[in-house]
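Next come two complexes, and both contain chain A; in the first it sits with chain B, in the second with chain C.
For the complex of A and B:
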């Protein structure tokens, strides 16, 4: 193919956009391992800041891991059965329920957090524990699990499989755990990666719901950016990137939505 | 077996309904009530129009979000179309780099803006080298604009690429064979074909910029966008009724934007954190 002038103009533009996104990432990685950023990388390379981040903020990393895994468990237990029910029922009420369950995506986290604080802020034990943050994360990530599983269910003919099993004498629970769940594995996997990634990075809700004793990684980041020297903020960002990159790669690899078998599937699966 | 299984389906659906009602529907209803029962009563909802401070922050947020949406859509359409229609060495790397910041929370995006346009930022260094004056704009509306564009580009590029892949090349060839110039093909064939995807992702972009909080929080606490106003109202002034009213209005705006886009574009649309 002959490359025209427009090709190179577009390429230059795309490279510029790319630089806009990636250069600051590289800069913060470099700042995180520089002895003194003001004097630049020639002042020496060190892991001192990374260790300092570990001393100051390792709690936030553990808490974020704990919350995102607990959030994953909750969204699987709540979301997978809900997706199955919604896939079985096609009526108007089912669609309304689906709309409602995805409503937390359309409303800013700030509003949801305020609502939770007003309603449950008075329950001291609950308010002070990490489960208060967990509630917010579950509300926000549940739609993603629901959609991922629904998309798979509506692209497989699970009803026929179930009828086959029923004709062989399988009861409802045997069919649910033996046929339905194994058939939506790919959706559960894609949804899980999404839920963990989002929960690890959630800030809008978490900032309002956290207490000084329940700081998550993004809350710690905001704290470090505001009150620590640039090198520490950078090193902390690097730690966050290291934690999030495997999830992102896995998401690119496993997160592809299944190809719908019929055009109808796309309509139902949305 | 359909009807006989209703009790089982009810058992499966019950947990999510209980949790969702207890932690979302009831608290949201409470929020609406609290907003209407403050010292100002129901007129708290009108305060956003009558109190200059709130009204200015509302206008500023809407203007900012609109500009962010327009800028992101134009940048991502050019880059996304280019990446989808050309195959060259290194294309895969470019695509991964452009979608890499997808999982960055708002706070990290704010830090990236500081890296570029902050006091020790790259833009400041370059401008100092070129003109002698240090250009620092991270801690203002301009920095926030840059942050939101940064945040939205990866999402919109992915949508544009997916939509461009589905365009029918025959339409373009037909237009060309009828003598249309490249520019006319872009305006009359490609852009209308991308329209649903652009509307949908534009609405997400707008809604996210309206409600986002982390980036503004990292850059400066005195940028007057609506989420920051709500935060100040709640924490510093302890004006819970006003904060509730403002956040309900904010929620309504994002919800309306997303739904309007969905009825135009005909597919599911959702905001991201």
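For the complex of A and C:
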């Protein structure tokens, strides 16, 4: 088989991807389960470091879970109705609000965190609690929920669906919870996975907002890298991967557009 | 259905101006007899859908307009309070529910007791012949099946008025024809006051007890299908419904003299006039006995009949149809006899 120039370019690209994307992950995992990194893998394989991470940092894992779930709750409660209103209103103000809500994506997390600290850092109780971090996370993840739900709403003629429901006697709340919400389930699900994943991994904002008592998983990771032996930092990475990979897989699985089944319908129909 | 709803509907001075200033409907008065099927007919943008949506309660008329169901004023009631059944062009079936749940939705929202709900849904499924589809998801249905479900869903709540917005437009020709027959039988059977919107004149003729022809936000004529067809009120109606031929000539002493011959004239007008007639009122005759003589421009063989375009008589070629089996050639000279009592004159 003759190999063209394109083949070698593609091969080089693939190797580069492997070198920078896959190899470091594997190295990290290896380091996390090696008895002594300086002697390499031949010094033996152990889960000791992973358990040590659990002893030292399990608090951060629980906090991260708590914050990401709370963040999810907030983004659903705020984001879904907001998306609904924005999809209904076509005016300029609606578009401005949409842009405004998307703004946190364009601003560095550190800047958002700093702004939050300047504005509300004075409220001691609030500043000390994990809800302070939650606010930052909600600001940062809300646009993702909003976009995901808006995409579904604008791809279905939900206005006519609502009119249909109204003609059958359903009031606003019955229409909203019985028709609108169930029909943007796929958007809410995709948005939710995105929000949880992002909230779990968020470092920029969180690093600025955290206190010694409110460390999340990525902040703990930074802490481990800075102050512990390399094996522990790497074992922490392993823990992080174990938590985040199922979410990413779910995101891939549910993020796919639904299979077009309309074609099947015509065959089934008589 | 035990007690068919024969609610009359009245629109008084209903106009609709959209926020951008477009006048979708000029001030309109409309009375719909209880139990009748009224078809709102007209080209797109004529205000027919706006009128339907005003009756439904999906749009509110400009201030001053009033809507009455029976003698009850419903102007300020939203659609969910009006107890209407509505069928949309896009069906608007709920994708998150199966066929049975769609049909049951209105009853569920009304908190109908479970046993009654089950019976009523069963009746609807049988009536529309969709029982075997009851567990299907909406995306698994064909267009015709969706329309049946939409009808069943709208009727299940026993609405006061049934509103149909171009329900057959999204279907292919054969299915449209079949469902039209079914809908006709259904409406006759139900005896419920029905408002049906369409731009298809043959649909309007077949289904309507009365047809309301609309154009540019105004009602141009209201009448039975026959009245509309035989006595169109103006040129717009004449042209929109069926085909109209027009010729000009001079009427005097019971004879209309045109450039292509003379026709007996029974009308009262005299002088230079324009007369109109339908294709089926002209027949082919021998040249020496014909009222009018012209030349065949084109002929279309349609199977059961042949449509001829005849030039040299009116300003536009005349449309004539014949069931003669012979072949007609372009350029051939042809004689026409027009039934004198079919000639129409229209002021505007």
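Everything that follows uses one rule, which is that the second predicted complex is superposed on the first by the 249 of 270 C-alpha atoms of A that agree within 3 Å, B and C clash if a C-alpha of one lies under 4 Å from a C-alpha of the other, contacts with A are read in each partner's own complex, and residues count from 1 in each chain.
Criterion: a residue touches a chain if its C-beta (ideal position, glycine included) is under 8 Å from a C-beta of that chain, and two chains touch if they have at least 3 such contacts.
What you see is a predicted model; the values in this text were computed from it and never measured.
Where does A:174 make contact in the superposed view: on chain B (first), on chain C (second), on both, or on neither?
A:174 contacts chain C only, not chain B.
Looking at the overlay, what does A:138 touch: chain B (first), chain C (second), both, or neither?
First partner only.
Looking at A:247, would you say it contacts chain B, chain C, both, or neither? Reply first, second, both or neither.
The first partner, chain B, only.
In the overlay, answer first, second, both or neither for which of chain B and chain C A:39 touches.
After superposing on A, A:39 lies clear of both chain B and chain C.
Once chain A of both complexes is superposed, is A:109 in touch with chain B (first), chain C (second), both, or neither?
First partner only.
Regarding the shared-chain residue A:157, is it in contact with chain B (first), chain C (second), both, or neither?
second
Based on the superposed arrangement, let me know which partner A:126 touches: chain B (first), chain C (second), both, or neither?
In the superposition, A:126 touches no partner, neither chain B nor chain C.
Of the two partner chains, chain B (first) and chain C (second), which one does A:165 touch, if any: first, second, both, or neither?
In the superposed model, A:165 contacts chain C only, not chain B.
Which touches a greater number of chain A residues, chain B or chain C?
Touched residues of chain A are more numerous for B.
Which residues would you name on chain A as touching chain B in one complex and chain C in the other?
Residues 163, 166, 270 of chain A touch both chain B and chain C.
Along chain A, where are the residues that touch chain C in the complex?
Listed in rising order, the residues of chain A that touch chain C are 156-157, 160-161, 163-171, 174, 178-179, 182-183, 185, 261-262, 264-266, 268-270.
For the complex, which residues does chain B have touching chain A?
So the residues of chain B touching chain A come out as 1, 5, 8-9, 12-13, 15-17, 19-20, 23-28, 30-31, 34, 75, 78-79, 82-83, 86, 88, 94, 96-98, 100-108, 110-116, 120, 122, 150, 153-154, 182, 207, 210-214, 217-218, 227, 230-231, 234, 240, 243-244, 247-248, 250-251, 254-255, 258-259, 267-268, 270-273.
Residue numbers of chain C touching chain A in their complex, please.
My answer: residues 56, 58, 78-81, 83-86, 88, 90, 92-96, 105-106, 109-110, 136, 139-145, 153-154, 157, 163.
Name, in rising order, each residue of chain A that touches chain B in their complex.
6-7, 10-11, 13-15, 17-18, 20-25, 27-28, 31, 37-38, 77-79, 81-82, 84-85, 88-89, 97, 100-112, 114-116, 118-120, 135, 138-140, 142-143, 147, 163, 166, 172-173, 176, 197-198, 200-205, 207-208, 218, 221-222, 225-226, 230, 233-234, 237, 240, 244, 247-248, 252, 270
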